[in-house]
Structures are given as structure tokens and as C-alpha cells.
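Here subunit A shows up in two complexes: once beside subunit B, once beside subunit C.
Up next, the complex of A and B:
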């Protein structure tokens, strides 16, 4: 049935053009620019710079924060997704969990500027309990907290989907065979949801490496991530070469994470 | 099914409260006649008035909506074409390669997309502003549409196409009367997602917007950087309302699509 009609190749042109121009070309220009310094000379200086202690520390701390954010997001999301699958109108509840993620990211971040402010309700609460006023905003705690808040819905979604696919008879079988709740979880539920967890980690960890508006608005200049560094090089210092070099490494990290978190079955589409 | 125990219920309730608290907090203080977000003085609608009187802000809102609609429309068109092209690819490994390439922009961090597009536009000579923002939004929405449409195509039985061809349908008929109606839910979902991605985007736009042109996210960012302005709160109240209406509409359409008339399910 799939006849050899040459038209087939013509109609695909817009898509092919997009692949070429907006997927391949951007990576190429980033790599190309990473070899130039501020005055436009071909150089490896950017790469040498990247391996100095400043950028090494930056990369390390960026990874540490991304790890913390992913870890806490997973810790909160997994039980949430699990309990959600047990509710009566689970699709409706899931929708309610997803709605906050459709509210503009900037607005949510902005809300925390008020919530965590010196006179904000969180400090009001701390005061009432007797802990007293704390500087919450512009600390690394606030950065991790707000980021976890932002990413929770994105973590819940894939985990929910993989939990939802589990055939309930398997759980009955496990119970009948004498497994207690913990063993059932460890040996049956968890192995069957690792794909969901992996894609959850993927959708949280990579953006967590590169968030820059949250660091700017919530953490002041306390926290630098790879994303913040790239933004700064491109838009503040105007050093596109150095910015591109950091971007090259971020792309490499991205691919590594994708390889690590992609299931053996492969293919993102299922 | 067993009913949920008290612990799971409290846990879920806590998660819901935390997820919604910041949003309702913003909206609550949008009615505050005082200046900040810490002390509620008295009820007022002045901040909403301020939003509607601020022509600059209204133009930005209009820009944002135009960009979202245009980019969703164009990216859906190209995305559907792309999904069809991938679907009809015979070579398995080539197909897998195209799919991986397709997904690069979905997993790429926004800063990378923004920075690389900025270089690209400067090299090609596209003036930063409306055009560059629109093109960027189209570019990062296309793969999402493909991802939403392709599963629908794969789920379609190939016998449907064979049957249509056997019954004398032309290739065009097969496309417009068999394939497109079948994948319609996927196309709508893709369009809707492209719309929300565009409305929500900050980082990419921030890189390619240049001076003079701004979308809502970029504007909120620059407003928030200068501190608390209750105009933003009023704006978020309005945005929340619109989002809820959209979600409700989406939910109703989704439920309708699932019930009787559908071929499958």
C-alpha cells in the first residue's frame, strides 16, 4: 500500500527543514561558537577556562542542587502518585494536580517572594511557633524548595501513568503467595514503575541543572547553576564563546542523563 | 477497591494544599488595598483596574496571545506533517533516528534552546522581536505535536488504509477522510499543548526577545525583579481564571471525545 510516490518526500519538507534548521543547526552553532573568544579569535581558551576550579565548582554545585531537587521531588511525588491511583475519580484528581503546572512559572515563583519574605506568612508562622523570624528568601533552601514545588507535577505524571498500568491481579497474586505489603512493593510495584520513575527523573534533573529564573528571583545571587552561568555569559557579559562552551557541556550532560534514564526497552513513545 | 486510609488522605490533602497555596495566596492579595503581600488592609479592585488601564501591559498580553495562537497553529500543521512522515518511513533505523532528533528539543534545557536560537537568528540576520519569538515558539512546539499525534497514528490499524484504498479512495481521500479524522484527538491535544507551552515559556523568549518586544512571562520577570507589585497579583488572578476555563473546556472536550461516537474504546 505504501506506494513509491515521490510526493511523499515533498510534503515532508517543512518538517525536514525544521529538523535541519532548529535541531541540528543550533547544536552546530553552539559547538562552533565555543571555539571563539570575546574578540572573535579561534581558541581553546574557553575549554581551558571551563576546567578551572571556578567552573568545576559551579558544575559540581549545580549537579548537587539538581540532585537534591530531583530527590525531594521523587520523595514527595511517588507516594502522591501511588495514593492518587487508589482514589475513586483518579483522572479528575490527577487533573487537579496538573493544573498548578499550567499556571505561569513566573507567577508561582513570584508568589514565593511574598510567601517567604521577612513579613510573609511563613515567617509569621515561624514567629507564632516561637522559632522566630528567619531569612528564608535568598538562601539555597528557598531555591531547592521552590524548584521542588515547581517540578512535583512533572514527576507525578509519569509515575502515576506507570502505576496506573499495573494489573491489580498481580498485587492479589503477590498477596496470595504470601508477600506482605513491603515485599509486594519492593518486588512487584517498584520494578514495574522504574520506567516511570526514570522518565520523571529525566524531566526534573535536566531542567533543574539549567533553571535560571528561580535562582535569580528566589536565591538572589546565592546559587549559581549551569543555566544561570549560561544566561549570564550570553545576556550580561556578552561572552557568547564562554556561554557556548558551558552550553556544550550542558548538552553532553543532558545526553548522559538521557542514556542513564532511558529504559532498556528504548523509545520515548510507548 | 478499598477506601483510602486516613494517613494517605492527609498526605494527599497536604500535597494539594502546598500545590495550590501559592496560587491562592497571590489571588488573595490581589484584592489588598495595601501595597504588599504581607498585610491585608481592605478589599479593593483597584489592582484589576490598574491592569485594564495599563495599555502597555494589555499590548503585551495581546502579543502573548497572538504568539501563542499563531505558533500553536503553525507548529500543529508542521508537527502533523512530521508525524505522518515518520509514520510512513519504511526504514526502521532511519525512523528511530528521526524520532530521537525530534525529541532533542523536548529534553533540551530552555537556556540551551534560547542561547542557540539567539546565535542562529543573529547569524541569519533575523531581527530580534516578534518574528524571532514566533519562530522560536513554533520550533520548540513542533516536537510536542509530533509526540502527541504519532501514538494515534501507530494505534490506527493499517487495514483501515488498505480498506479505503481497495474501495477506490485516492491518496488524498485516505489522508483527509481516514487518517486525519482518526488522529483528530491527537491533533487537538498537540495544539492545546503547543498553546500552553507557548503561553508558559519564559527562558527561550527571554533570550530571543531583544528590546521593545515582550511577552507576559518576560514582563512578569522584570516586574518581579524590582520587587512586589500587586498588579502582578491581579494579573495572576485573571490568568488563573482563564486557565481554569481552558482546563474545564479541555476536560469536557476530552470526555466527549471518549464517549460513544469514537470508533475505539
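Up next, the complex of A and C:
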């Protein structure tokens, strides 16, 4: 450090200050609060409470729904991103897919209440094709559907970028060497896009764990997530200690997921 | 790099300009001046014409902001920042704000119109002698139902919510005390019960209601009921009044076992910088004619007896929203149970919601 340019230190200061103020300090405050009970005594009771059946079940169900959301988002996004790279005006198509993510989440969610209602257009269609009126709103299906819709742009973007970077000559080479389409995908395309898929999973799975407005508006609180529980603890119960404890666990889970999804680069072939 | 720097510069310039304009506007409209008061109220909870009338009569400009939960409102008052002069907490929130020393004691000599309030609604346990608060509106918790979508159920008893004919039809409000309260009421226990035994019994019973529950939501229920999307809802009387005014098939009933009697109350928070203006505003709102106009607009029940003669008889003689004193005997006002017990209620409610399918 001493021998290096002293300016380097100065250049780094804003970033260091930013990390300290807006990343480390808030986490420290959350951890600090998690050790206090309602009357302000230092305690581990919140952590003990977290391991009771309610919160354990809540964690499991959060993970299950986050998994479902990520799975379906990936299932839809990968082929979409693939075909996008094949289109003529790919940047324009990509933009059209990204634009909905600029609209406020709450507005989109409210729109779905209308769309999925008993007298909404989706049920109108089901009626017309003879399936008949269904209760769509306030079901597991509606929750996963709306969440997948919300997260798709975030999944498509990194996958699209990694697909787009693939040098087309590699695919030609694969073909020349006798690989059929499936083998080319399995041995060439997929390994080169795993990084995109991993970052897609990160940006979907982690926020999906803590979704909260959608659980009430679309699932009618029949689906509960850790995010809902945190919101309730802070706003209704006013037990900041317990809310912080759940948040601490959420942060731990996020770190674990980051570690799991950011392993070695490059995949199978080096 | 140069492009980045210049665009960063443009952003900073634009933000600075906006900040400056905002500052100018606030000063021009007198937002921080002496002749303004800031009123912090629930959404859709006042006739906006009355605000104009007050401004004209008193020459005081009203800045009007709204909130959607007591907790959110208290949070903002506690932080300070905005100089709220008048706000409208529910009864348990009055108690919490008093404990946190967020309220100014009221000087009744500056509110002569307070005499119009029905003595029945004064001096209640959450604020003895009305030291800090005056009731603004009151109401009950009951069942709103759409007879055209049902098969003749009438809901005279809370027990009817457990009836198998309501499978996947019932909408509950996302609030622990109201929902557990249904069960407590049906078992004949107090709505302010703190006995773990009673609460356990109540939530066990509540869990058997699970198959009937279609959703647990907030204010969205009003629109769902109006659009015939839902047929039965546990709701507050004022919300039911909104539904009824838009959809003639909807009715509201308070089951006979009893219900919660709730109040929203005018208070002056400690953040007030124009206390005199706040008193003028409170006194204005308690004027019989003003209160009558306000109650007709908002749809909740007014505690102002002198206002009743100015209102449509159809409203004031409606037993659903102005129950007589005999019916009120079974009503119970929420007490502040303390954060510990509130936590118990909410945890039991969370467990109930997680069991829903």
C-alpha cells in the first residue's frame, strides 16, 4: 500500500464508505435488534422462537414457493432468451420484455386482481371454451403465476446476455464434428450459459423468498412467506426483535444461496 | 468516461433544480408558514368540501395527508419530521400514543362544540375523561353479505360462519384481533381476553373454519364485494356502508353474541406547531352541521348527537349503523392488551393463516 499511489486510497473511500453505511451498518443494526425482546432486555428468546414449529414451517413453505417460482421462471425464460438471440431485432424484442419491469409492482398486481376475477377476462375465456368459471384468484396457482410473471424479465436478461456472447463459430464447429442439436446444446450451449442461469436464479430465488404484497393481494394470505412474517412483526405486532431475527435468517439463507450458485465458473468443459 | 461524467452532472443538476422548485413551492403555498395546519387522517375519511369551507371561514390553509394503518401513522409521528397538527388514531392507538408521550392534553375551553358529543361515547376506558382525544367516528365489526349469491343464510349468530354451506366463500379481514374476536365472541369470551387457555380454545375453533375461508385480505374486500366476486365478508361497519351504497344486494349484520365497538378519535400530536389552528379545526369538525355533512359523506356513524337531526332519517334510523342502546350492551371496546399479548394474538393468527388451503 505504501509504495503504491496514495491516490488509490482516496479513490476507494467513497466505495468503502458506501459499503459501510448502506450495507454493513444496516445488517449490523438488524443483528443488534434481533437480540432484544419487547421490553428491551437482551435475550436469545427470538432465536429460540424462530425454531418453533410456526417459523420452521414458514421457512419451509417460503423455500418451496420460491423454488416453484424460480423453476417455472427458468423453464419459460431459457427458451425465450434462446429464441430472442435468433431474432432479427433482438435488442428491440428484449426491450419489449424488459419494459413491464419498469411498471410499479403494486400496479401490476392490482391489474391481476381484475384479470383473474370471477368476471374477469381469463374466466370469460374459460367460459367461452367450455371449461367453465373457475376460482383463480386466491389459489396457489395464481400466486405462482403472478410471481413468475413478475420475475421473468430478471431471469431472461442474464441468460440472454450469456447466450448472446456465444461465438457462433463454436456451434458450427460442434456441428462439423458430428454433434446433433441435443448434444450441441448439452455439451456446448448449456455449459457456456450456466453462469447466466446461476445469476438468473439468484435474482429470482432470493427476492421470491421475501415477497410480501403479492401474498396478500393474489394469494389472500393463504401463502405465507418470510417476507410477510417480517412485515407483520414490524408493522402489526411491533416486535422489532423478532422481525429482525427473521430478517437475520433471511440474510443467512441468501448468503448460502449466493455461495451455492456462484461456484466454479465454466461448468463441465474447461 | 466523459459521457458518464457529463450524464452524472446532468442528473445532479436536474435533482438540484427539482429540490429548489419544491422548496419554492412549499414556501409559496405556506407549507411551513404560520397560517397552515397539517391534518393526518385515514384515507377517504373526510368530505373534502369541508376542508375548503374551513379554509374559507378561518383563513387557515389545510395540508391534508392520509395513512392506512395506526402503526404506520404512529411511526411517522414518532420520527417527527412533519409537523402534524391533527391526527385520528383508533382507540388502542390513543392509549399507545399516550404511553409513548406523543399526545398533547386537550383544553376543552377551546373546543366549545365538544358538548355535542353523545355522553355515551365520552370517558371511555382507553382515555378516561377524554384527556387527549375526542371520538370522530365509531362503528362495529360484523358480517357483510350478498343475499343474491347465497342460499338464504342470515348470519344472526357468529356460528353461522362455520356453516358448511359457506365453503370457500368467506373473506376475512387481515387483522388478528377481529378474526380471533369472532371465535372469542362465539364462545362467549371477552374480546379483550388475555387468558392463554381461552385464546387457545378460540384459535382451535377458528381452525375448523379454515375450509370456509376464501381469502384473508385488507381493503380490497370492498371492491370484491361490490363486483359480486365475493359473497360473505367479515368487515367493519363503515366498509360495509361503502359496499351497500354501491351494491343493493349487500346487507350488513352484527351477530347477536356481541361485537367490537370501535372508535377513531381526534387528537393533537406532540409534533403540532400550530396548536391554536388545530383547536379551531377540531371545533369546526364538531359543529353539528359540519359533522352531519361529513358523516353522510364518509358513511361511518357519528358520535355527534346534535348532528343527527341534520342527517337523512334513512341513515340515522338504520339499526345496522346506529344500533340502539340495548344492542350496544353486548359491544366491547378494545383495550390495549400490551405488546406481549398482541404478539400472542398475532402469532396465533399467523398459525391460522398458515393452515389455510
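Here is the rule we go by: the second predicted complex is superposed on the first by the 246 of 270 C-alpha atoms of A that agree within 3 Å, B and C clash if a C-alpha of one lies under 4 Å from a C-alpha of the other, contacts with A are read in each partner's own complex, and residues count from 1 in each chain.
The criterion applied here is as follows: a residue touches a chain if its C-beta (ideal position, glycine included) is under 8 Å from a C-beta of that chain, and two chains touch if they have at least 3 such contacts.
Owing to the predicted nature of the structure, the values given are computational and were not obtained by experimental measurement.
**Student:** First (subunit B), second (subunit C), both or neither: which does A:194 touch?
**Tutor:** Neither partner.
**Student:** More subunit A residues touched by subunit B or by subunit C?
**Tutor:** Of subunit B and subunit C, more residues of subunit A lie in contact with B.
**Student:** Between subunit B and subunit C, whom does A:58 touch in the aligned arrangement: first, second, both, or neither?
**Tutor:** second
**Student:** I'd like to know which partner A:217 touches here: subunit B for first, subunit C for second, both or neither.
**Tutor:** both
**Student:** Touching A:38, do we find subunit B (first), subunit C (second), both, or neither?
**Tutor:** second
**Student:** Examine A:133 and indicate which partner it touches, taking first as subunit B and second as subunit C; both and neither are also allowed.
**Tutor:** neither
**Student:** Using the touch definition from the top, say if A:235 reaches subunit B (first), subunit C (second), both or neither.
**Tutor:** both
**Student:** According to the stated criteria, A:117 is in contact with first (subunit B), second (subunit C), both, or neither; which is it?
**Tutor:** both
**Student:** Residues of subunit A that sit at the subunit B interface in one complex and at the subunit C interface in the other, please.
**Tutor:** Comparing the two interfaces on subunit A, one with subunit B and one with subunit C, the shared residues are 113, 117, 119, 216-217, 235.
**Student:** Tell me, which parts of subunit B touch subunit A in their complex?
**Tutor:** Within the complex, subunit B contacts subunit A at residues 1-2, 4, 8-9, 11-12, 15-16, 18-23, 25-26, 29, 36-39, 77-79, 81-82, 84-85, 88, 90, 96, 98-99, 101-105, 107-120, 123, 139-140, 142, 147, 150-151, 154, 158, 161-162, 165, 171, 196, 199-200, 202-203, 206-207, 216-217, 220-221, 224-225, 228, 232, 235-236, 239-240, 243-244, 246-247, 251.
**Student:** List the residues on subunit A that touch subunit C in their complex, please.
**Tutor:** It is residues 38, 54, 57-58, 61, 113, 117-119, 135, 137-138, 216-217, 219-222, 224, 229, 232, 235-239, 242 of subunit A that touch subunit C.
**Student:** What residues on subunit C touch subunit A, complex-wise?
**Tutor:** Spelled out, the residues of subunit C in touch with subunit A are 69, 71-72, 168, 171, 174-176, 213-218, 220, 224, 227-229, 339-340, 342-343, 346-347, 350-351, 353-354, 356-357.
**Student:** Going by the contact rule at the top, pick out the subunit A residues touching subunit B in the complex.
**Tutor:** Going through subunit A, the ones touching subunit B are 1-3, 5, 7-8, 11-12, 14-16, 18-19, 21-27, 29-30, 33, 76, 79-80, 83-84, 86-88, 93, 95-97, 99-100, 102-115, 117, 119-121, 124, 149, 152-153, 202-203, 206-207, 209-210, 212-213, 216-217, 227, 230-231, 234-235, 240, 243-244, 247, 250-251, 254, 258, 267-270.
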